[in-house]
């Protein structure tokens, strides 16, 4: 696909898939409003191990059009459920080294309890429904991660 | 006090009081380790209203030596309780406009559930015990916020 | 042998595009396949067709607990009927975050 | 009238420093007061002394549900005995975050 990565305008905040490095400060600033006293963010990192194997990199691939649509749908559902003004999600794609940021979710709310609950809720939904896949790279090979058949 | 704002070295991360603007990206990077897959952050913001009154600015004052010691003590207690490697807190002081960041808490963990729980826990403790005070500035005056007597 | 793939000359069919991701993309060696199928085909029919034509794709599918489908960027059920020009995506279980 | 404050000449006492924050600092008009008190004074005694010397501070204290104390940067109970050179902090209920 040579099309640019799509973005979907939303009144709540950005929902994007991008190959560029992610900034938490930037996303937080994009979702906050003057009535918000709290932003809670989740930052996904590439960690150096999984199920006992050493991991040297993660490769993320997305179905960008549908991923953006799903992120927006779940973000707006979470915002409505928790009565929020601002939520945004950016997911990175490509090969990322250990320690790099793969995804950022930022949720703004007048008070902290709603921000924490909504951010955790959005992350659970993202992991369940958004069409993004990761491949783990080891010292001796690689494997796509996903729910294995029973 | 003309002494520089004190900092206390900790194996878990920075615990600081500062008059400088806060960066979430920087604090997250300081607390994460290669074994962590998640960082959850809380970002405190100056919001434009409180108890029905319009707020135009917040002024934060700290007892810096004790605030740093308390932040470190609560951070290390939370880290131990949740089995974490990294946690850090920076609290800003001085007069902040609506939308500015007053405090950032960053918690790193191998998995997301511990990171969310620990971050919320750290924030609750911070609000209960760390000697920092805020004064609300309105269009027609100001007031220090605290638990009123009686 | 993949007789129905990239065969624009076959009569009485519809032309669709199959998009493949992650494990499926690598198994097929491509992220986009132009396919001609009978006019009454469903999403499930197309998936069966692709797996029959590409044994590596069938093996990859067998590793997954469930494959999800999308047509023209919207989630679709396996019994959805295909129309000429549809873009049909085959999605292994997601693992983002 | 604040006879015991900044009175280095008084005999048979100890010299301590009182640190005041937020509402208390503004009420006293200073964040640091040098005070001489009797040698057997406690934190509570010093706080009573300061409030008696500065009515605005007593009024501010009356607005607060509880005042906390620290001596030399460590939390202290009101009955802690003071020693010469101590720095004693008087803290309104916290409101950070």
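Per-chain residue numbering starts at 1, and chain names A, B, C and D are given in the order in which the chains are listed.
Basically, contacts are C-beta pairs under 8 Å (C-beta built on N, C-alpha and C of every residue); 3 or more make two chains touch, one makes a residue touch a chain.
Nothing here was measured: the structure is a model prediction, and the numbers come from that model.
Enquirer: With one step meaning two chains touch, work out the least steps from subunit B to subunit C.
Expert: So the least number of steps between the two chains is 2.
Enquirer: Using Cα averages as centroids, what's the distance between subunit C and subunit D in whole Å?
Expert: Centres of subunit C and subunit D (C-alpha means) sit 78 Å apart.
Enquirer: CA centre of subunit B versus CA centre of subunit D: separation in Å?
Expert: 27
Enquirer: Compute the distance, rounded to whole Å, between the mean C-alpha positions of subunit A and subunit D.
Expert: Computed from C-alpha means, the inter-chain centre distance equals 51 Å.
Enquirer: Report, in whole Å, the distance between the mean C-alpha point of subunit A and the mean C-alpha point of subunit B.
Expert: The separation of the two C-alpha centroids amounts to 24 Å.
Enquirer: Where in subunit D do residues touch two or more of the other chains?
Expert: Residues of subunit D touching two or more partner chains: there are none.
Enquirer: Which subunit B residues touch at least two other chains?
Expert: 44, 123
Enquirer: Among all the chains shown, which pairs meet the touch rule set out at the top?
Expert: Pairwise, the chains that meet the contact rule are A-B, A-C, B-D.
Enquirer: Could you list, by residue number, the parts of subunit C that touch subunit A in their complex?
Expert: Within the complex, subunit C touches subunit A at residues 19, 21-23, 25-26, 31-32, 62-66, 68, 70, 73-75, 89, 91-97.
Enquirer: Considering the complex alone, what residue numbers of subunit A touch subunit C?
Expert: These residues of subunit A touch subunit C: 1, 44, 60-63, 65-67, 69, 91, 102-103, 123, 126-135, 144-150.
Enquirer: Over in the complex, which subunit B residues touch subunit A? Could you list them?
Expert: Contact set of subunit B toward subunit A: 23-25, 28, 32, 34-49, 98-99, 108, 110, 112, 115-116, 119-120, 123.
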